[in-house]
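In the two complexes that follow, subunit A is the common piece, with subunit B as its partner first and subunit C second.
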Partner chain A sequence: MNVAESTPGSVAATRGPSFAARRRIEGWLLVLPALLLIVALTIFPLIQALILSFQRWDLQSQEHPFIGLQNYRDALVDPRVWGAMQNTGIIVVGAVALEFLLGLGLALLFVGDFKGKRFAMPLLILPVMVAPIVVGLTWRMLWDNQYGAINQTLSWIAGREVNIIWLGHRDSALFAMIVTDVWQWTPFMFLVLLAGLSGVNPELYEAAALDGAGWWQSLRDVSLPGISRVIAVAIIFRALDVFKVFDLVYMFTQGGPGTSTESISWYVYQLGFKFFRLGYASAVSFLIVIFLTIVATVYVARFVRGAEA
Partner chain B sequence: MEAKPSIDPKHRDALEQFARARASRRQVLHGAAALAALGISGRARPAAARSAAPSLTPAAISAAQRALRRQTADSAQAAVDAANALDPKPAELNLVWEDGLQLQDPTLFSGPMWEELTGIRINPIGKPFPELFAAQVAEHLGQTGAYDVITYPPSWTADFVAQGLAEPLDAYIEQYMAPEDLEDYHPLYKELMNYAGQRYGLFDDGDMIILYYRRDLFDDPANQEAFEAEYGHALAAPKDWTEYDNIQAFFTEQGGGNSWGGASQRAPGQVYGWFSEEFRNRGGRFFDDETLDAALDSQAGIDTLTRMIESNKTMPPGIETWGFVEVLTAWMAGQIAMVGGTWPPYGRWSEGTTAEQLNWVPETTVAGKVGYSVMPMGHSLHNAGFHLGVSVDSQNKEAAYLFIQWMTSPSISLQRVMLPYALRDPYRISHYESEDYRSRWEYAGDYLDTLRAAADTALLDIVMPGSSEYHTAIDQMVTAAQAGGDIAETLASGNAAFNEITDRIGRESQKEAYENFKALPGAYYEE
Partner chain C sequence: MSGHAGTFAAPARAAVRRDRWRGVRTAVRYAVLIVVLVFSLFPILWVIGTSVKLPGEYLRNPPVWVPQEPTFIHYQNVMAQRGNLALKNSVIIASGATILSMLVGSLAAYSMARLQTGGKHFAFWLLSQRMMPPVVLIVPFFLLLREVGQIHPALGLDSHAALIALYTVFNLPFVIWMMRAYFDAVPAEVEESAQVDGSTRLRAFWEITMPLAVPGLIATGTFAFIFSWMEFLFAVVFTRTKAVTLPVAVAGFSGSQGSNWGQASALAVVAMLPVFALALLVQRHFVRGLTLGAVRG
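On to the complex of A and B.
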């Protein structure tokens, strides 16, 4: 028997792929169904939408000609796109800022022990579990100028009848959307920040206390730096989610009065699923994706990775 | 060898009479086939007839039998018989339907009844109204065949036809529907079923907007005296919008902030109808006839929008956000003296309802106190409504047609428009004249007469490609004005939106569509 023939390598060569190669193939086989599913459900529609964005695809026409970048050019000068982006921006900034402040406050409260904590916690996170459309319907009734509890409460506080038409004007309607979103999603921010605060090493607080740091200094110099990455992630999560605001616009104002409270998701929905201008709706959608990708990339590079560094 | 159909002897006289009475080519052919059928059934007949009878195929004989059925039975029975004779008979039909209350009818009433009669199960698929259009178009684009029966307001007809979504129904109607049942449709709705020379839907919901008022308040002598003294005309159902606003202001003043003279639906998504009705009553036209340029900013547009905004001031505060339910709540609570136009269910629900499905409707305090009137200026709007159609992608087109013929037939549709929980409203002559319906409450006859009178002179929603976009543009224009926008500017923005839609769809093709729309009886009225 030849010595060379008996080496492990030569045995492998005669019996097929190496162990590592087999592992790789098995790995691919295992993920293949999921991969195909993702391709079928995500990538294919995405490519289809991209193709549509270069076509004039309107319901009233049987022909769908290729028009290059025309839809994109139209979208960039469409005042309703810019109006909707502005409204969306106001809601994102207002809602996320308030959710962060309130969520942080609650997290700081709940990171310590107090009586009734175990009872209060489930109550606090309840709104997150409610379907957004139900939240919209419920809060629409609350904001109702005549029968709603909000005006009633304000009337009791003011000692005279308060009749604010919350959903009849742009500014108050956007305010109503922000407050409603804050009610539902502050608990999410709270839970994420609470998890972050719970992970801060208690010895750091002890050291700070020994150095004479007060509550504010501990918060500023220990807690916030300790959870900065968590904050960054929580904010981007919420911002991306609020950017898609649709349910509240649908339930509160239908984008009105006029088009003054349209969010970008609402406008795209109108274009795509009410008027079936699929080509144009796809182009606007891709512009949003591009915009969000740039914002998210810069944000992650600046804050998430920055915090990591 | 194919079995030959036979004819029931008890139908023979009718058959011969039918054969003699009809003169049209098609009917002569049917008659001849029927005569042949007599021979095939082996009954005695004159030798001359025997010798003259052509040799006909079983299909022709079946056609003769169907024609006979059209003459002797109503369309409901004809549909049931034909469905039972289908071979193969489908096990199930899928209906796309507006969900909520509308869905209760096929779920609880017509679906189970049809299954009992034919063995064909009905599967209603509910969609919220805003998704109804998208769901049907999307399924058609995907050619899924998900729906056999489609449902859509007449104003969508042009878009559905442009997409090739709706099956033409004329051949089915010819084959299966009793002619007198077609004639039983109110003329407006019968005409509304036509689009570009074809019928694509069977009309199924008479959504006439009429005015509701508090008869007890109007009949009160003290109110009458005070009102006439202040405004110089009698307190009665308003004939024009000036009278309407006077009455509204009068009762609002009396209400002292707790009740109001009137309310109309002013919320986004609902208000376009109120503008388009008054605008055309004032002589407004949506487009220039020659150029198809938008013409919303005409004097009629200025007057309409100005008056609507002014009128809001004597309606309940926040009326800009009030839709169907908000107005209903105030009306049922007795807080408003008039509803400045709304859909017919108000009339039925005002008299009280015990249906479980309506437990969300506020308890009525106005039963027996409601009067009805055609809208001010004489032409009420037919707003929305529904056609039932057959999807071109259906694998069961004939069965689907038979089901909708049965649903909309005089006998079945009468039951459906009287269902306490349903939202289908009268649309047949036999509905308006039904003794059963007219005896439902003290003033039910007035209610039905008003709905019929309103339909006699009704205005229609825009029926053109892009109708939904045009309506939305009007809606956005009005709500922008309600939020404080300048009247001239908002009308100009409405015009701009109209022109953009027209140009995008194609001005020339829209000109043709507009001519089709103008040919409908309720497009405009020349005074």
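On to the complex of A and C.
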């Protein structure tokens, strides 16, 4: 960065402004293909979705009249929107909190070198490398009340027959989704936090130890402040990712029983491709974008930027 | 801190304490490591196990943990039917999207790293593209593909080209951020000296910088491939029969309890193993890759 930043000025000074202009044009030409693709396949569709969201657009109507904010007004009082948001929120908070705590514990335990690390690490990251739909299939079989390994294991521990229909009730199904996500993504949290911890200056620990700081104090006063930005980044990455949860819902419950385990992605998918209410689905989509933009902006300003200082 | 004796004794005592703790710490480390490894690997072994069990074994209560009569019949059956096409489609679509996004993305990344095109704001704008849940775009994509398909069916719904284009665009922010960091790491002087010798910027890029950035290129490309390989939402919405990918085919077996778990598992293993092989390639870049370079691994 520094090298590149310092050179253009000096070179431009010797060859005059035409060089800087040429350089700029050249730069944008190289970016152009990427920019065109993004405009064509992200910006343009987003604008189209915005227009759709002000229209009545469903299977019955041949015409697509503009109906102003009606879709948005309907969405804000739609119990399924709120139910799906609540489910999504529960999964996000539950999964990310558990992943963070487990990941941090593991990272603190495994920081530094030890025998077998080179062998264990590649095995630990395997869950992240499994396609979410395959994770869904695998855990769908594990959670199964009759043929699954989870009830069987619990039966052994309890010493009696355990028959929990995990995916048949809202609360236990959401719990199952959280545990499954924790299985897949704790390794990510662990490795990111481990990378952060490995970067903390070891002299700080020595200084803390000489000052008589115990384990807890050096964790609170050295480790955590030292990796606060890494923590902030890891949490926002995971939270935005879990918020999209779709594959697990598809494989576990299809939103059921009833609509009690719908996630917001699942509901929009249903609106669009089961009910074919494209205008309404677009309005709900836009509410999601607005919601996430606000949350992410506040979060980045508060935690990521704040932690940098 | 009152006398000399105190200041010298304290570190010594601390050292003794630390030594005792080190033994405990090592024991706890390995105990936890074993538990975590079992928890991590068990589900993967379970799906592999189910793929070689006959229905009599995987549909039994209490379940059979270790396959008693391993069989490859599910692999044969599923690959004879939809598995083969799905595997072929996945390879075509993931490769196509990877090549395109690496080509287009590297050019943009190079420009942003060397020429500061667009500055920091442009880079973060790109990053924000990744924040958006993909479900937001399925409705307009659907209408777009339907219209394009009426003009040219090979580019519309249920076509390879449609998924390649969508995955390319979704990979672009990632590829650009990763490659920008790798290009930043190649000193500009190396390239400028080549340009002074009379070669054009594009040739200097191609002959000097590109070879030096190859490790980054491989890591980034592998991640792009893995992301495309695993994607499900777009694939399930925009394909029907011809362009169905592996995740869609695996999900196609869901439905009622126990139905065809053997074949579903076999196909799941087919989808899983290539990624494990690729994961070995990018192991070192894992943290950086999954945080778009926000955290250095």
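Quick note on the criterion: the second predicted complex is superposed on the first by the 292 of 309 C-alpha atoms of A that agree within 3 Å, B and C clash if a C-alpha of one lies under 4 Å from a C-alpha of the other, contacts with A are read in each partner's own complex, and residues count from 1 in each chain.
To be clear about the criterion, a residue touches a chain if its C-beta (ideal position, glycine included) is under 8 Å from a C-beta of that chain, and two chains touch if they have at least 3 such contacts.
These numbers were taken from a predicted model, which means no experiment stands behind them.
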{"item": "Subunit A as common anchor, with subunit B and subunit C clashing or fitting", "value": "clash"}
{"item": "Partner chain in contact with A:Val298 - subunit B first, subunit C second, else both or neither", "value": "neither"}
{"item": "Touched partner set for A:Leu124, first subunit B, second subunit C, both or neither", "value": "second"}
{"item": "Which partner reaches more residues of subunit A (counting touched residues only), subunit B or subunit C", "value": "C"}
{"item": "Touching partner for A:Val93 - first (subunit B), second (subunit C), both, neither", "value": "neither"}
{"item": "First (subunit B), second (subunit C), both or neither touched by A:Leu101", "value": "neither"}
{"item": "First (subunit B), second (subunit C), both or neither touched by A:Ile165", "value": "first"}
{"item": "First (subunit B), second (subunit C), both or neither touched by A:Leu69", "value": "neither"}
{"item": "Which superposed partner A:Phe273 touches (first subunit B, second subunit C, both, neither)", "value": "both"}
{"item": "Touching partner for A:Tyr147 - first (subunit B), second (subunit C), both, neither", "value": "both"}
{"item": "Shared contact residues on subunit A - subunit B and subunit C", "value": "144, 146-147, 273"}
{"item": "Subunit B to subunit A touching residues, read off their complex", "value": "130-131, 133-134, 137-138, 159, 162-164, 267-269, 316-318, 320-321, 326, 329, 465-466, 468-469, 472, 475-477, 479-480, 482-485, 490, 493, 504-506, 509"}
{"item": "Residues of subunit A touching subunit B in the complex", "value": "58-62, 144-147, 163, 165, 167-170, 253-260, 270, 273-276"}
{"item": "Partner subunit A, residues of subunit C touching it in the complex", "value": "10-11, 14, 25-26, 28-30, 32-33, 36-37, 39-44, 46-47, 50, 58-63, 65, 104-105, 107-108, 110-118, 126, 129, 131-144, 165-166, 168-169, 172, 176, 184, 187-189, 192, 201, 226, 229-230, 232-233, 236-237, 246-247, 250-251, 253-254, 257-258, 261, 264-265, 268, 271-272, 275-276, 278-280, 283, 286-287, 290-291, 294-297"}
{"item": "Complex contact set, residues of subunit A against subunit C", "value": "1, 3-5, 7-8, 23-24, 26-31, 33-35, 37-38, 41-42, 44-46, 48-49, 52, 106, 109-110, 114, 116, 120-142, 144, 146-149, 152, 155, 183, 187-188, 191-192, 195-196, 199, 209-210, 212, 230, 233-234, 237, 240, 243-244, 246-247, 250-251, 264-265, 268-269, 272-273, 278, 281-282, 285-286, 288-289, 292-293, 296"}
